[in-house]
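What follows is a short report on a single structure.
By written order: A, B, C, D and E. Residues from 1 in each chain.
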Amino acid sequence: MKLSVSNLEVSYNKVSALRGISFEVDSGDFVTLIGSNGAGKSTTLRTISGLVKPSGGEITLDGARIDNLDPDVIVQKRIGHVPEGRRIFKDLSVSENLMLGAYIHRDRNTVEKTIKQVFEHFPRLHDRRNQQAGTMSGGEQQMLAIGRALMSRPKILLLDEPSLGLAPIIVKEIGEFLSELNSQGVTVILVEQNADLALQLARFGYVLETGLIAMADRAANLADNEHVKKAYLGI
Amino acid sequence: MSMLQVKNVSKQFGGLAALDNVNFSVEKEHIHGLIGPNGAGKSTMFKIISGFSSPTAGSIIFNDSSITGLKSSRIAEAGIIRTFQQTTLFHEMTVFENVLIGTHNSSRTNILSALIGSDRKRQQSAKNHAMEAIRFMGLEDRMHQIASELPLGSKRALVIAVALSAKPRLLLLDEPFAGMNPEETNTMMALTEKVRQSGITIILVEHDMKAVMGLCDRLTVLNFGKVLAQGTPKEVRNNPEVINAYLGGGKST
Amino acid sequence: MTNRTIDNNRRKFLKQAGAGMAAVAGAGMVPLRSYADDTLVVGMNIPMTGDYAPWGLPGLYDCEIIANNINAAGGVEIGGKSYQIRVAAYDHAYDTEKALQGFKKLVLEDDAKMVMMLGGSTVASVLPWATRKKVLTTTLLPSDITPDSDYLFATCESHPLYNVTGVVWLAQNYPEAKKAVIVTNNDAEYGLQSAATYKAAFEVAGIEVVDVNLHGFDVTDFAPIVSSVLAKNPDIFCMATSFYVTPLMEQLYHQGFDGKIISCTLDYYEEIIAKTSEEFVNGTIYQFPDFDDPMLNNEGIHFPDPGGFDAAFRKDHPNDWSAVAWEYPAILLNWIENAQRVGSGESEDVAKYLRNNSQNFVFGGGDWWGSQLWGLDHALVGRWPVVVIENGKARIQEYGDLSAWLADHTEVLVRHMKELGLRTV
Amino acid sequence: MLAKHRTLMTIVLILAGLLILPHYLKYHQQDFLIFLVVNVLVVASYRLVTLTGEWSLIHAVMMGIGAYTSGMLTKFLDFSFWISLPLAGVVAGLTAALLSFPLFRTTQFYFLIGSFAAGEAIRLSWIHFIRPFGGTSGISALPSPELLGIDFLEPIPYFYLTLAIVTACLVILYRIEKSRIGLTLHAVHWQAPLAESVGINTWNYRTLAFTTGSMFVGIAGALKVHYIGTVTPNQYGIGFMVFILIWLIVGGYKTFYGAILGVIILSILDEMFRELEVIRPAVYGAVLILFILYLPDGLESLPQKIASRIKGASPKGSHS
Amino acid sequence: MELLVQTMVNGIIQSGFYALAAVGLVLIFGVMKVVNFAHGELTMVGAYSVWFLHAQNDMPFLLTVVTAVVLVAMIGLLMERFLFRPMTDSPLGGLICSIGVLFVLQVAATLVGGEGPSKQVPPPYEGTLVLFDMLRIPYQRLFSFAVAATTLGLLWYFLTRMRIGWALRAVAQDREAASLQGINSNRMSMIAMGVGAAMAGLAGALMAPLTNINPHMGHNVIITAFIVTIVGGVGSLPGAVIASVLYALFHTFVTTYFSGTIATISGLVIMVLILIVRPSGILGKRVTE
């Protein structure tokens, strides 16, 4: 599964958010997009998953265009998205949330197998499976959001600021989990404010500034780059 | 004498204790940090001090008088002004209008004088005061821009400008550094320090440890609704309990 | 039958849509319409849309039929000159401000010599102006009459007075029925007026009223109302309403009522029979005859060819019949008759003639009445039929003498009107 | 300054046009014009209520309260119209102030429905308590205003009276909106918590807008009934309320003049459709749908749209 | 005693209609965030269908009920597709559209049924069940109530036990997040509108043989549905059902023992009180933080 984005442009109410960005993600990659607020990181993810329609450029998956598809169709192409702010269904129970994550799968066995795997990864979700999702803590809700995305058995997982508002200990936990997931063959595209963490986890990184890609390099190189250090790592 | 005293404050939601017998006090012209993991009760504490929520038990003493359970607008009149997480602003209005609304306490009017214009003097002084706050936060170039069109850094500055125009004696800042890049963080830290220099006491809720450690005179660490530790940043940083619970010293899951 | 309705409606729709487009195109700048001076215009300021439409539209259809017939036959002769009759209508949707506006349009722009209205608050809103401009106006509700309403006449329906004739007949024929309950909607124009009249009539007849249940127009379920009044064990169930007769009858049937039923109206009683049983409906007393009733051909009836009229209406409008379908035409015919007598179609002339001369009432007789209750003798009162369902068919039993009852018992009626808070002089 | 002069000129021209307009209208159109001018005040005062973001469904009933107050004072207690007119506003305003205690404990959808329920309860009471409210037939034969022997039963004098009072009210409403108070009301709408955090008592300002708006619609109610001469409960039901809502939304609620545009254009259309008889409501309904689908920002966006089409430039953000 | 029991039964039977109408309104509001002012008129169309097909054209009753439900559901789907969907970002626009539809449907009914007095449908199930010699329930009402109760049960099963039901609830909570799970939110809107309208149509069809049918009958339905929705808690379907039972019993008792107008006035006042004391309704979730 190769995802490629070329010359992508997006604007909201005539204010442009993306001004022509291009990058490619190969199967099994771990890529991160970093940059300040408003640089276009979230917009990139939202456009890939179909929530936002681009005003120019294209997105292809294994050569086939997907930029004009609706989000529910893109999920079926095995692209999962953990949105910013978690967006879990607060009034539904934890297991109902997870079952909805598997909405595109009609095969009962697959679903049950997947839910078992998710519970293995996040035993706390298993403990709380009948609890109303909105009553859980922020960290647990983030786990549920990731678990829910995994239920669709994605080949590519998009994550939007999974560390936002979480205590460092939980951020660390989630980071470890993402590495493990990637090692099992899932492509990860991570958008992070916490550039430090993101560049530690990812293999390749892109720095977005005002809707354009300012830098693209191996994550380790970026972490050593003077500009990045000064602007995003606070060193 | 402390400016603000939080005495034995508890808050129950249903059966859950969000705050459990919390005590701390804030000295005049200090920057006092309130930190702790998510769900520790920081936001609840903030709401209670600013009157957006009332405690189940305990009291809040501000300058020797109790403000426990007062309406938020009354507490604002008393001189405690809070900001909100993220960038809560009047997004549809210009920068100037935003700050002008902040001057409400010193410029309020009634319909009659608004109609016949007898409050003109007061309105003029409110405008002057708003200008002061705008200059203080370095926003004079953007005065007539619509708030929603500002870059993040300016939005955050505007958040504080609005609060400043309300003439706070105690300013509660809720995660002013969230989502900022290091450059923006540095600018914001300088501004915060400048506010304190002008004689305003600050309580700061923040996750950005660099900002917290760099700015605060004292810290109160909350965990599961209880005070886990108090002291100077240095003391807190070396407190093993804090390291364990918050900074993630061990590898416990 | 139903296909016809749709066809009719479609044609009507096209016609109306066309008229509407024309109105839109030329709105605001149409010159005052002028008619040849051989045309007399009669206005109808009535509800054609909204929930009161059933008390307006059917009358318009019939007045148009009548006008067309008259015109086809060469018009009417008034004062030695032949005139065509034109009906001009305005839809006020039972809204007082639109009623006033429409009334002025009919009088000043369409040059209507007489304006027919349904009554109630819409009449109240036009009265000051109509009186000042001396415009002959008619209402179906005599209770609209006030001491100053010099140009307002109720020449057809004697609502709610006619109810007493049914009670008189009931008391004569079923002397054993001694306890009555009254159910009605709580509006001051229809329900309360009827309720007060029934109370007066029952009192005069020596029947005790054990419960009066007033309900609003928002009732969807009549089961509790009927249960509530039946708990008083009445011999007589009285419906002082025309709005909710069918659901009330249905509930009476299901809750096993076996006493006498008396009502103002029993519109579409065939449907009520279909919902209950013929046996149950038989014997119900009310006040509005079928127009094919043989008794309507009797001496003294002042309505030309009621049977033919009925058939003509039902052919074109199978679902629209209600009492107003013959009442507005009756008013129109009465006006033509008076105009012919006085030799002028002008408002003031006809009004003056009306005030000073005895009239032919639809069902015979005809006295001016009303000053003791409303301040002016402007309601035409005469005989009124008592109708009873026999073998599933409405049949006039007799023509009750309303004038005689009023001559003897007006003070009882006034007292009950006052008791319910209704306007009296 | 130039723009200000141009606005002033426009207003003077409109007023001058309105002064001579009735002389060129047909009789029933003169009546229509009176009711239209009153309805302009109805919808402009409703706009004040909605400035804080709380949409009520009690405005029609508030108008009724004004109408009943003035009707009863003049008819039963022989008050002069000139005294009962302001009193109508005061009583409606007081009722609103009282109701705001329970109602403003709720917001948004709940306030909408709560205000509807309170209004409907009041309106049903007029029906139920036949003394003194007259039940469904209400109170009729209300006296006309008296002044210098002018005959206010005639449409043109009454139109001038209405125009004068409504213009005065509109000036006041406009000044409130443009004043410091108006700015604060917007603030309460857009960010109530932030407003509270700088000391604005949002409850007070919601109540202020609700009370003041109700006061003006009470005056509108009195103005209307003394021309019709009759006040009935059904004039002020949910049916009329729905029309007020329609006028405001279809006209647009971002500017002061949007609602006024809405009431004028829609009322004229409705009057033009009257020839359609039975199908009039359907045509009106279809027009509503078309307006909303093709002009979602209201009629007020039309001038901008036309301007931008002429210039071929993109429309500037609407001001408030 | 007899009156008490009869009143109880009257109230419970009435609650079935309230619940059907209210549940549809709640479902549509929940998923689409549109207050469907034309909901009462959808009920009216259901009743008119039965009158036209069954009473006028002798179609078998059960078949007409099904036809009415399908017809009203179709109207709902058309409203969703051509009015509410373009208005997704503007709830007030959706409201105005629904008012427009209300006017159009009322006129359509007038054109089909004529302008005369209310229409009537003879009840297909005649007779009255008499229990203990004192309790009387017409078979028609019994039938209507049974159908209403069964339908509500099926709806509950659909929403809580079937994955498409979960999907509906998910869309009601967060449209965008739902679409990220592969749920086509437009399709869910159509389902909500279709089901909601179908319930309204069913309520109307079941009411048809029991009430006055006229173009304006929807007015009372929508007011009752609003009251029930508030009392039950906006967005809570079980709340709407429970509130329907409570309100129907309350209204029936007050009507029986006092008067109908007092029942309505006090019902409205109670609703305002509930809004104040417990704005979330008896089962609703607190919307404000």
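Heads up, the rule we're going with is that a residue touches a chain if its C-beta (ideal position, glycine included) is under 8 Å from a C-beta of that chain, and two chains touch if they have at least 3 such contacts.
Remember, predicted model here, so these are calculated numbers, not experimental data.
Considering every other chain in turn, none proves to be in contact with both chain B and chain D. In summary, the chains found to touch both chain C and chain E are D. Summarising the inter-chain layout, the chain whose CA centre lies farthest from the centre of chain D is A.
For the pairs C-D and A-B, the larger set of C-beta contacts lies at C-D.
Most remote from chain E, judged by the distance between CA-atom centroids, is B. With each centre defined as the average position of its C-alpha atoms, the distance from chain A to chain B rounds to 32 Å. In this assembly, the C-alpha centroid of chain A lies 42 Å from the C-alpha centroid of chain E. Computed from the mean C-alpha positions, the centre of chain B lies at a distance of 73 Å from the centre of chain C.
Separation between the centroids of chain B and chain E, computed from CA atoms only, is 48 Å. Under the contact definition stated at the top, the residues of chain E that touch 2 or more other chains are 107, 110-111, 115, 219, 223, 261, 264. Of all residues in chain C, those touching 2 or more other chains are 13, 48-49, 53, 57, 186, 216, listed in ascending order. Shown for chain A are the residues that touch two or more other chains, of which there are none. All chain pairs in contact, by the document's touch criterion: A-B, A-E, B-D, C-D, C-E, D-E. Interface of chain E with chain C (complex): residues 2-3, 6-7, 10-11, 13-14, 17, 52, 56-57, 107, 110-123, 128, 130, 136, 138, 141, 207, 209-212, 214-217, 219-221, 223-224, 251-253, 255-257, 259-261, 264. Residues 15, 35-38, 137-139, 164-170, 172-173, 193, 230-234 of chain A are the ones touching chain B in the complex.
Remark: chain B residues 50, 52, 71-74, 76-77, 81-84, 88-93, 97, 100-102, 104-105, 107, 109, 111, 114-115, 119, 123, 126, 146, 162-163, 165-166 touch chain D in the complex.
The touching residues of chain E, counted against chain A in their complex, run 163, 166-167, 169-170, 173-174, 176-185, 285. Residues of chain B that touch chain A in their complex: 37-39, 149, 151-152, 178-185, 207, 210, 245-248, 253.
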